[in-house]
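For reference, the structure is listed below as structure tokens.
Going in written order, the chains are labelled A, B, C and D, and every chain counts its residues from 1.
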Amino acid sequence: MHSLAFDIAHLLAGGLVLVSFMMLYQDRMYALINVFALHAVLLAVSVAWQALVQDAPHLYITALIALVFKATIIPAALRRIVERLDIHREIETVVGTGLTMLAGMALVALSMVVMLRVTAAADPLAREDLAFALSIVLLGLLMMVSRRNAVSQVIGFMSLENGLVLAATGAKGMPLVVEISVAFSVLIAFIVIGIFLFRIRERFDSVDIRALDRVRRERL
Amino acid sequence: MAISFSGIVALLILSLAAPAIAKWRIASPTIYGAALVISAVLFVNAALRVGSPAADCVLPLGLPWLGAHFHFDSLAAFFLAVTNLGGAVASLYAIGYGRHESAPGRVLPFFPAFLAGMNLVVLTADAFSFLLAWEFMSLSSWGLVVSHHRNSDNVRAGYIYLVMASFGTLCLLLAFGLLAGSDGSYAFDAMHSAHDHTLAALILVLVLLGAGSKAGLVPLHVWLPLAHPAAPSHVSALMSGIMTKIAVYAFIRVVFDLLGPPDWWWGVLLLGIAAATTVLGVLQALMEHDLKRLLAYHTVENIGIIFIGLGLALAFRANGMVFAAALAFTAALLHVLNHSVFKSLLFFGSGAVLSATGERDMERLGGLIHRMPQTAFLFLVGAAAISALPPLNGFVSEWLTFQAVLLSPALPQWGLRLIAPTAGAALALAAALAAACFVKAFGVTFLGRPRTERANTAQETDRFSRSAMIALAAICLLLGILPGLAIDWISPATVEMVHGQMPVQRFLPWQTIIPIAQSRSSYNGLLVFLFIAASACLAAAAIHRFASHRLRRAPAWDCGTPSTTPLTQYTASSFAQPIRRVFGSVVFRARECVHMPAPGNTSAARLEVEMHDIPWEAIYAPLAYGVSFLSERLNALQFLSIRQYLSFVFLALVFLLLVIAIWS
Amino acid sequence: MSTMPFDAIRLVLLIPLVSAGVLALVTNYRWSSRLNVVASLVTFLASLLLLVHRPASGPLVQIDDLNIVFVVLNTFVAFTTSIFSASYIEHELETGRLTPVYLRFYHAMFQFMMFGMNLALVANNIGLMWVAIELATLTTILMVGIYRTPEALEAAWKYFILGSVGIALALFGTILVYMAARPVIGGGLPAMAWTILIRRVAEFDPSLLNVAFIFLLLGYGTKVGLVPLHAWLPDAHAEGPTPISAVLSGLLLNVALYAVLRFKMLLAANPHTFAPGPLMITTGLVSLIFAAFMLYRRRDIKRLFAYSSIEHMGIIAFAFGMGGPLANFAGLLHMTMHSLTKSAIFFTVGHVAQVKGTQRIADMGGLSVTHPALAWALVISVAAIAGLPPSGIFLSEFLVVSSTFARAPLLAIPLVVGLLLAIGALLVKVGGIVFGEPRGNTAPDKASFVPFVAHLAIVIAAGVWLPGPVVTWFHNIAQLLG
Amino acid sequence: MELMRDLAVQGVQMALVLALAPLLTGIVRKCRAHFQRRQGASVVQPYRDLARLLRKDVVLAENASWLFRAAPYLVFASTWVAAALVPTFAVGLMFSWSADLIAIIALLGSARFFLALAGLDVGTSFGGIGSSREVMIASLAEPAMIMTVFTLALIAGSTQLSTIAETMTFAHVGLRVSLGLALVALILVAVAENGRIPIDNPSTHLELTMVHEAMVLEYSGRHLAMIELAAQLKLLLYFSLTGCVFAPFGLVGPESPPWVYGTAIAAYASKLAIGAPLLALFETTTAKMRVFRVPGFLGAALMLGFLGTLLLFVSRSL
């Protein structure tokens, strides 16, 4: 049982990393949003599995939040934003996708090296989980810095948060306060982003960050 | 000590009260009058304290676990006396001069604070309080430098001044840090222990940078000719005459008192810098036509002279030659006193000229001796004193310095033997050049015909200013003819710092002074003065009695080609031109270029002179350029996109993770 | 918890929270600004109560030597800022930059932000602290964007994005700390309580703690404004309302720094972890020198002082990184003095920018002619922040520099160079503002100098004389910090 | 009695220099004329000139100040005091300890200071030219002189001229390179300071070559007489100085019998009588320099003086 539980958790976490790579690979807006939804679904499954394994029913709430908000509502909202704001359907990247993927590989390797140094005395499940979570966090960050488009950056940020949630659930017995706070922050983050997008929409024709950057009085 | 503290507190209160009453009509006489009284009391207190046993006091202020230490020994008393003498006279002068101040609210609050700051520096005996007082002194004087802020040069001068002052403070901070060692004993008492050679050398260099930047040692002197003239004249006098001496005090306190036994090569270093300072200072003064800037450059020169004395004292002390060290040290201290007196006098004179004509540029003055005869006479006394003419005081201290130089062949080290006569030669050169410079300064400003209308309509200055100048001129003469008294007065401080003293002078007949022994050399200012006075009077009386005493006024002859316009007079720059030709090409990389019109062309010929301020161009300009260049480059980081900023975060994270991955 | 009927900790938390709710309902801006002042004052008094009677630490909140300094400072600066804010917003209303509706939001958010910061300080739980800091951050983001100008929105957006990433990194670090604690302490709340963590930390897995600290340093360091994580800070300071700039510089940076310090204490208590000192020293020095250079090119007065905050945060990080009783003492003192001075500067700058109608330094010349009181206030406070005596910053910088001599004397050189560069930049800028021919608006100002005088009086008094109890108190904390 | 004698000797010295100064100038002029195959004026012509000037009215420029009128007396007094302090025929004069060699140089410096100021006072271009050149020359000559003094003082262990002269009479001083350098430097300085050819020509009023004469251009009558006398005294001073240091024979000590003084004065007179033709010869055989060659000339003096001092510093250890 324990071994199986471990394997499945491992698989799910690995799947998340894989999906993160898929996101890095996408260059279409809608496809990206879809992949992100997949990411969230996987996260939900993974969290649910942890809830089962750890016998921590409160984690189901987290799983539910992930499923409802991240996998459903947010992608839908993002699609609307893309439609409404008439955002380019293609994602501009800073460096080529191939290079980004290579960097992603290196990051995963790095997170493995860092995390596997943790003494074996620590829970192996936690250890593996943390390594994957760190990979996801780093890949999310990579996505944020390698994409020029605001929506894809937001998605990058949320995949980063997914990594956090994965880490948090992997930590056995972490009090509920963490889950709530994660959800809370995601919620607030999204509301604020919404406000900002709205305001930005109000004044600019695009949420492309470069457009924001252009609004500078002067080179201060 | 209690008197000192109450005086300082009174000055601080005065400074705090000043903004409140600055709008009153009598604000300025009130404040300056009070400052005069307080400074006078402090002066008397300090002057009488020289030679008394040292007093210590710890107040629960400053560095929390240390407290503020104060130490009142003879050296401190000497410098306090110098400070407060200058402060008192400057206050007296300012009672009159302050009336011309357009914005008294910008001067009055800082003036007493400045005096208090200088007093505090001398009294403090722990690193923190010292630096606090030191920086407070800089800050309050900065306020005075920028008081005439509408002139952007003054603001720039204030800026450079304060940056240099901060540089100095930080250097001193490092020096004290090294002195205190790892256990952080910042009280001066605890620093007395002997220090490691390299460490001591490092400290010496830092103190040279720190105190030297305040005193104006080359090449740290650049701020001085900018800042000193920018302030109102009584403050210029304080800054030039007194504050630079506080820096000398700091140097003496650290190097002679705290640093322990010196190495012989310190003397080489010091003498080299001092000689360069002396010569460069006076040469720059010669090239300068702004009266107050000229005086400020002379301060650089005189600081050089003081440091020649100090360098010799260090060299002698390192070789255990106590009497020689005492002689050199006394010469330095006496020059401190003398310079503070005549430099104040000269700045007061220039202030009187400035307030009478609104001009500092000598090229626009002239003939003031007719309009301001008393000021002219008093300025002349100061000029003669600073030019080291007997029987005035400047000569005495330079003479003592020469005597000290003459003792240097007894030094065992070759380096010192080579540098000491060089410093002597520099001193001799500087003395001669100083005389030339003051012929120029006095001659162009006060003599000849007025070059502008404003110079022609000048009025004699007020009686407070005059009485301050008279007092200083009298002190110049007194110190010149009775130097023995001053030497005896200084000797307790000498004993404290170099553990020796000059022969007691007061019992010698006719107030002669002898540096070592009468057979070696002696000088009697009193007799020289009486001789000159007697023979001049004798000659004048005899001639008027037995020969002609008639006098006719006629137009100037001028070799038969008199000119009507005063513009044909020799100007300051033409006066200095021969000297510029002699020294300028090396020191200033001066280039003269005459553009003659082609034959037949009647247009005027042009003379172009190009000069370079080499310390500025070699050190400060590149530094400023470097800072500006770097900041311009780094400034690009202000205009990145959010994504780029995020990539900084990302890269920092990855970098640190890599470090962890590799390191552990 | 405490047996007292009025638990001061709760007061400190509840008063801002409740008044935030009330302020959200008050429509009259005059009343709300007054209420804001009163609420801040009461919070401050409550925090003083903490000094008198210190409640025992509970599972979620605690008061110890370290955070009480921060709490008192926090509430005090909040109080003075609210006074300043009252006179500031009146002018903003007159010029129409803000509408009454926004003011309601503004006041409510002000108190809410205070709640967040106070909560972060008294939290006895690393998770709760994280939540609280996020709360405070999010409210400040909203405040920064309150003018709704393109620049303000851009600044808020930048702040938001960078802040969120910081939040995420800090959360990851927090999780890692929990993971490190769990095998030793067991799951649940105790594994996140400071009081328990610090006692047992020696048994934690050091390599996990190392990784955790990196995330925490970068995460909270973003809030502190350490280079290269500082990018949001200048814009947020420059574009938001000036009271918020004062609070940001004076308080929020401190709160984030407090978090970093707490985790540094954890790390220091575990003998097998790497020493966080060199890391903090490096970032501190980089921040100091970088910010010092950046100061030279600033044309906006609030950005100028924002960079100065970065510079000082660098010094503080350096001091704490140096470690040892002396350096920690210096760091604490510097932090306190910087909060007071920098907020005082923003008070002055706020009025200056209002009377001149601009934030451009080039348009402000000759201030000492047109507005002497403001000008000299600016000069005094800038001299204080530049570390010229007799300000407390001089004392703390003296201590910082001297503390290097015990451990790494060579580090004193870059430190001193940075300080000198910063002094040079600040002086040239302030000289340009205060002196010269008057430019720009010459209308008389209606500035309130009470907050300014209160801050500067403390700063200058501290520079000359630190009261014995304060010294002992700081000393204890310095020992605590290791 | 002792005091009276000292006073008397001092008085004789002062009167002697005053009396001999014009004569010396006369002799030099006469010799020069002789070398130039001219008849030349009588050797007492300087006395006559002085007397004539003293009798004449002073014609004062309209804007001359009190300084202009006081300067001649100050210049004269300083120079006279300086000259009185240099041993001519006797060492250990009563007031000799009141000023040493450095002070004597400084006294001459005072005289120059006031004279240069006077040159600027009327506000003419010629006065300016003279003053400006004078201070330029002095700024090199004075350090050169001080360096010479250093050399002498280091050999004698004293800056007191009497002591130096006494030391020089002893044979053990011997011939030293430093002394030779100092002598050359001293002569160069003396030539410059007294405004002799090749630095300056005391008998010309050509604007491009004048230094001293340009400064005193506006002076007349008794003022001019004072200045002329001061210049003559200065020449005498340098003769005496060279004599007492480099040819110290014939000087009498403080406790000598009265008859010795007679021979001493005779010895002194003979020194002057030998020196004057030498100077005249030098002046006749040299050409006047351009003003801006002067720094090179004086720079040489400064270098020689410095070298002399340095050699002494170095040789002390040998």
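Annotations for the structure displayed:
Going forward, a residue touches a chain if its C-beta (ideal position, glycine included) is under 8 Å from a C-beta of that chain, and two chains touch if they have at least 3 such contacts.
Quantities reported herein were computed from a predicted structural model and do not represent experimental measurements.
The interface carrying the most C-beta pairs in contact is the one between chains B-D. Averaging Cα coordinates per chain places chain A and chain B 69 Å apart. Inter-chain spacing, taken between the CA centroids of chain A and chain C, is 31 Å. Note: centroid distance chain B to chain C, computed from Cα atoms, is 44 Å.
Distance from the chain A centre to the chain D centre is 99 Å, each centre being the mean of its Cα atoms.
Residue positions 114, 117, 141, 144, 153, 212-213, 216, 220 of chain A each touch two or more of the other chains. Residue positions 638, 642, 646, 649, 653, 657, 660, 664 of chain B are each in touch with at least two other chains.
Across the assembly, chain C contributes residues 157, 161, 165, 169, 207, 211 that each touch 2 or more other chains.
If touching chains are joined by edges, the resulting network of the protein chains shown has some other shape, matching none of path, cycle, star or complete graph. According to the touch criterion at the top of this document, the contacting chain pairs are A-B, A-C, B-C, B-D. Those residues of chain B lying in contact with chain D across their complex are 366-367, 369-370, 373, 376, 380, 384, 387-390, 395, 399, 402-403, 405-406, 408-410, 412, 414, 417-418, 420-422, 424-425, 428-429, 431-433, 435-436, 438-440, 442-444, 447-449, 510, 512, 518-524, 527-528, 531-533, 535-536, 539-540, 543, 547-559, 562-563, 566, 568-570, 574-579, 581-582.
Chain contact summary for the complex, chain B toward chain A: residues 638-639, 641-644, 646-647, 649-650, 653-654, 657-658, 660-661, 664. Looking at the complex, you find that chain C touches chain B at residues 157-158, 161-162, 165-166, 169, 207, 210-211, 214-215, 217-218, 222, 228-229, 231-232, 234, 274, 279, 290, 293-297, 326, 366, 368, 372, 383, 386, 388-390, 394-395, 398, 401-406, 409, 412-413, 416, 419-421, 423-424, 427-428, 431-432, 434-437, 463-466, 468, 471. Within the complex formed with chain C, the residues of chain B that make contact are 60-65, 105-106, 127-128, 131-133, 135-136, 138-139, 146, 149-150, 152, 155, 158-159, 162-163, 166-167, 170, 173-174, 176-178, 180-184, 186, 627-628, 630-632, 634-635, 637-638, 640, 642, 645-646, 648-649, 651-653, 656-657, 660, 663-664. Put simply, chain A touches chain B in their complex at residues 94, 107, 110-111, 113-114, 117, 138, 141-142, 144-145, 147-148, 153, 209-210, 212-213, 216, 219-220.
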